[in-house]
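Notes for the one structure printed next.
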Amino acid sequence: MVTLKPSESYVRKLVEEKVRIDGRNFDQFREIKIETGVIENAEGSARVRIGNTMVIAGIKADVHEPYPDTPNEGFIVVDCEMVPFASPEYEPGPPSPESVELARVVDRGIRESGSINTEKLCLIPGELVWGIHIDLHVLDNDGNLIDAAALAAIAALLTAKLPLYDPDTKKAVYGKHGEKLPMKDRPVEVTIGKIGTTLMIDTNAEEEAALDARITIATNEDGNICAIQKGGNGYFTTNELEAAVDLAIAKGAELRAMLPSL
Amino acid sequence: MSKKVGAPEALIVDGKRLDGRSPNEFRPINIEIGTLKRANGSAEFRFGNTYALAGVMGPRPFHPKALQDPQRSIVRVNYAMAPFSTKERSKPGKSRRSTEISKVINEALANVIFAEDYPRTGIDLFLVILQADASTRCAALNAASLALADAGVPIRDLVVSCSVGKVDGTLILDVAGLEDNFGDVDMAVATIANQDKIVLLQMDGIITKEEFMTLIDMAKKGCGQIYDMMKAKLYEKYVATPAEEGA
Amino acid sequence: MVTLKPSESYVRKLVEEKVRIDGRNFDQFREIKIETGVIENAEGSARVRIGNTMVIAGIKADVHEPYPDTPNEGFIVVDCEMVPFASPEYEPGPPSPESVELARVVDRGIRESGSINTEKLCLIPGELVWGIHIDLHVLDNDGNLIDAAALAAIAALLTAKLPLYDPDTKKAVYGKHGEKLPMKDRPVEVTIGKIGTTLMIDTNAEEEAALDARITIATNEDGNICAIQKGGNGYFTTNELEAAVDLAIAKGAELRAMLPSL
Amino acid sequence: MSKKVGAPEALIVDGKRLDGRSPNEFRPINIEIGTLKRANGSAEFRFGNTYALAGVMGPRPFHPKALQDPQRSIVRVNYAMAPFSTKERSKPGKSRRSTEISKVINEALANVIFAEDYPRTGIDLFLVILQADASTRCAALNAASLALADAGVPIRDLVVSCSVGKVDGTLILDVAGLEDNFGDVDMAVATIANQDKIVLLQMDGIITKEEFMTLIDMAKKGCGQIYDMMKAKLYEKYVATPAEEGA
Amino acid sequence: MVTLKPSESYVRKLVEEKVRIDGRNFDQFREIKIETGVIENAEGSARVRIGNTMVIAGIKADVHEPYPDTPNEGFIVVDCEMVPFASPEYEPGPPSPESVELARVVDRGIRESGSINTEKLCLIPGELVWGIHIDLHVLDNDGNLIDAAALAAIAALLTAKLPLYDPDTKKAVYGKHGEKLPMKDRPVEVTIGKIGTTLMIDTNAEEEAALDARITIATNEDGNICAIQKGGNGYFTTNELEAAVDLAIAKGAELRAMLPSL
Amino acid sequence: MSKKVGAPEALIVDGKRLDGRSPNEFRPINIEIGTLKRANGSAEFRFGNTYALAGVMGPRPFHPKALQDPQRSIVRVNYAMAPFSTKERSKPGKSRRSTEISKVINEALANVIFAEDYPRTGIDLFLVILQADASTRCAALNAASLALADAGVPIRDLVVSCSVGKVDGTLILDVAGLEDNFGDVDMAVATIANQDKIVLLQMDGIITKEEFMTLIDMAKKGCGQIYDMMKAKLYEKYVATPAEEGA
């Protein structure tokens, strides 16, 4: 059921009084649930709920030619479908800019952290490699989609098993799961929202309607930064950026602790 | 025809199907109502590994305005397979198959929706197959009926659906993946509640008139069983819960 | 020239009085004309007229890789173009749901009846096969398109000759027709319309505007059913279905008698 | 340039073309008017194996309303090849070629249509090539003119079209398939009736000014011949038939 | 900055008095500037300005399979992008009919004149050839786009150098320019506009809004015609055509004199 | 990770970059304003071989009318690569990359455009990369700011942008092509004028918090330098020219 949106100005007024619309602390997540293995047909899958937000990630692997500049490495592709029942604002049709951005930001966290050993995804050097499709299905959008999607993606990857490879047909054999994906890191993304001069994590849909700007910071197992994306029509100062990085590192560690181990 | 790649030796062994079921037995059926928070109504329906999720948006003002119907709500159905729902990844986006299935599901539901109660609006049904193991259109249609009920859209009664078929010469209820791929006949049927009103019917494969009439009978009985389960679940959710009493 | 549509209610009233708008019996076809070989560039072709309805089917064959699950078999593809001069309701653009459904229902009749011996369309096992394109052009829509299109398709197939295959270039050589298509059956489709409680075949455009529901039943040479598609916003009872099957078998035999022999 | 694959030894042998015609001779021309029942006007035009079918829908209210022209009817032309019209199957849908041909045919017809008689309406011309053996745009344009007349759309006069070209050094009328593929020059010309008003002109291939002027002359004469045939056919259909007398 | 358009009727009235809106003679070009080598990443490039009209042509070459009917020849492809800042009438989206026509008319001038020796673009007979992409970017449209685009295309081709071909990878090596393109001719296109009974070359945007018809005539080095395209809703008489051909030959020679030599 | 195909031996040799620059040095910057005649405003911006062209159309009435915003102008940004801008030809048309870049550039400019001054209108910014050698979004954004100023669209101040990065362990300003392809970190930053207001920030690659803060500092200084150049060029064009005095 749709909840009535408190007006943007009400959210902003509360924030000025240092209160969040749902009573949380500014550095506090809503309840997070991670379920893996929810889709048997997928090589790996995860359903992540952050409050009322729900995203499913499914991993499919297939045999492909490598990209010309990395002839001995497999590759990943991230796609995002925002199912139109996830938000009254969504419409059927080609991916919106928001959907494209989401997929690309999740992709960068996984790719730039080096979390997948793509060299181990090579089947025949220069000829055939595993292509890993990460499909994100946004099923319920109550804010903070990027963090939920990134979390679903890495949880699905960490529990994924490749299909078998049949050297005779040079094709994948599905339904008989083989080795685990060669994972090297567990990047997570934390998005920090800004309303007025206040920073907060895990914004819900009401808060996002009132947001000045947001910044998504992906961090890796070492606590280093591996990707950043600023969004929204506002700005960040240097001090705000530093505070955001600190939040991302600390809260990223919290998220990582919920993930399956490497 | 030569045996297809991947076909099992037999689909019926000692009177039992590959998953151990008898011919006239459903796979485990799982129903959840109201699983989505932002949709106006939602439901999940599973036949074994076939997993469908339905969400209703609306009734809401139809856009663009110039295409509004002053007499009734415009119902649109969008059936889609998640890319990870199948063994080989399904390409996202509309296919001819999904266009056809959306059409026949829409026509089936048209029998029960009081669209004239909501002129100038649109009711959008989005049906997502999260996992596919045959009978996906039946699962999607059942989820759709429940989601409409959950959304409070006025309907005459629930449309309910199941599949029947023929494998290794045996007539069966609730066709599963390998039975669909390597069997002789696959037929999807939907009825209004447990009435003798067939609102969806699609069949592939060669069959005699007599076998067809038998399958129709099996399907109607199957739909009746599903109707009972769906009603029970709605009752449990909307009538039997203390939360509602307090409302 | 466009004919004025009698109102839906007038058609329905007549049917209640057991009269059709054009005076036919409920189990009577309009005049049917089948011409084959109308397009020389096609491997096979047929123009079918049922009353004022006109459909052309053209067959083109080309050399393709087989589908992975049938490595030793050729395949068929059915496409439908509803030319926008065929009906005031048609518009240029991507195929409408009606057009997609038509193509798929015609496809199923041909495919499920096993009418084409696809094994004989294999050129190099696992490598190259004939792909048979059946293109349906709806030129005039005065109702009962599916039956007309299915009839045009099977008539075109029955008279089609494959191009020659050049083993050196592994390509088709057009303009020099080779063997006939390996046909095994002659499926036809009969669509039964329902207005009120009355069933009828070969509905014209006026009747279709007043239709409650329709059911298309494909039957084969043996008089068995090989595909079914129910359409429209209404329902059929079991008794109605049985009557429809009887009509489809009897009337299908009539149609089949007009076709070229196997 | 090396010889193209499939090129015949010669296109002119003993002064005759591959199909036995002399250089200045048309293929058999076949005209039918009013072949479609649901269109507002229709016609078929054939040059030998080239077979074009035209249908007119309208004048009818233009949609969307916001784009209506309050001064005149909006004429749209849609030229398309049927997939089975060519030896190798043509992919359905718009191509750059069909877009260009639709544009030049539309511009040619703009010379004769009294579009200002029907403000706020649209006139849609759908041209289908059922079989292609060169000169398809000429056949389509002739069919279009006749379909407009059949629809009763007021026109100044008929636009008529034929092709000319150069093969093996010889200037020819009505270019056929192999002559188009392997000849030197292909030129499509259209005139208003038999007047010296050229409303469509497209040429490919190298030619001197003198040859070009000669081709223009041949084309104008050819268009004049076609004009006479088209007028005769219209007369036969609309004036000479007893049915009309009774009206 | 946008200039105010004089009304169509004013332009026509002036023409009746044998005066052009900008004072030029009817057979006079505006100032023409041709710069080549403006895009280093391209194999060849040219920016052409005719008055305020500006078009950039860029040439890219890549290794492709040949077309079936010319197995031993390379090929050209011409594409046109009318950037929406070039004219208030342009919109983003798929190419307009005007854009498609422009690309095809430029293509025909280059192709039909035999200006490129496509046989010399063969790498492995029947297997691999150079495909030459000519991309036209219309940046400012103040009329006479076709002539400007054709001029940019041939100037870019005449100064283009192929990438190196690596026989081991069967791929192009970019950044190391190899041989010049095998050019044999220098076709140019001259478009003659007609207002009332007056013919003129190099129409500007104001004049084009008032045009009855136009004809584009491509001529080659020998002064012969190699492609013609009539456009617009009006007609030409035989005498007008002859005058147009004379103009195209004479003015084409002027344009050709501005081009790099073969 | 194995070395990528085409990677140079080293990106920094003797403290100098491949093109001879020191780490904190820009490539030659070239700015032109008002290069287009038909656009309402335009500008070119180059970092070395990276060459961006921006044109503004509007403010002009927004179409379709039903989607006009009665409170403000709707700003649309369209970033695109010319097919010949890259070593391997770029396929024309929208890509996911261009969609994302258009979005972040739009959000950056939203900080400065007084969109509320032009209700019911649209402002369209078309950004074309004519040649790509990294930092294309920064060049495009700088060109966009200048084109807005040239068009007379009221803005709070110029948005200015540059890239920073890390190659071979060294922090650098203004990332060029090979440094982007084979370096460790690439980061695009934009600020409002020379203020501590970061309106665009995208980073790829692994970096510590300390390095990140240093890069932010380098980027802000770089943006300040570009701001001075852009202002000087605007002054030169609009204030210092005798033509303006006469106006």
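A, B, C, D, E and F label the chains in the order they appear, each numbered from 1.
The rule is short, and it goes like this: a residue touches a chain if its C-beta (ideal position, glycine included) is under 8 Å from a C-beta of that chain, and two chains touch if they have at least 3 such contacts.
Predicted model, so just to flag it, every value in this text is computed and none were measured.
For the pair chain A and chain D, there is no chain touching both partners. Counting only chains that touch, the fewest steps needed to get from chain A to chain E is 2. Across the assembly, the mean Cα position most removed from that of chain F is the one of C.
When each chain is reduced to the average of its Cα atoms, A sits farthest from chain D. Averaging Cα coordinates per chain places chain C and chain D 31 Å apart. Chain geometry summary: the mean Cα position of chain A and that of chain F are 27 Å apart. Between chain B and chain D, the centres computed from C-alpha atoms are 51 Å apart. Chain C and chain F, compared by their mean Cα positions, are separated by 57 Å.
The multi-chain contact residues of chain D, meaning those touching 2 or more other chains, do not exist; every residue touches at most one other chain. In chain C, 68 are the positions where the chain touches two or more neighbouring chains simultaneously. Because contacts link each chain to exactly two others and close back on themselves, their graph is best described as a ring. The part of chain B that touches chain A in the complex is made up of residues 34, 36-42, 49, 51, 53, 55-57, 60, 78, 82-89, 92, 124, 126, 128, 130-133. Across the interface of their complex, chain E is touched by residues 1-2, 4-6, 96-97, 99-100, 102-104, 107, 110-111, 187, 192, 196-209, 212-213, 216-217, 220 of chain D. Those residues of chain C lying in contact with chain D across their complex are 1-3, 38-42, 45, 52, 54, 56, 58-60, 62, 79, 81, 83-88, 92, 133, 135, 137, 139-142, 174-175, 205.
Taken together, the chain E residues at the contact with chain D in this complex read 68-73, 95, 97, 100-101, 103-104, 108, 112-114, 118-119, 215, 220, 224-238, 241-242, 245-246, 249.
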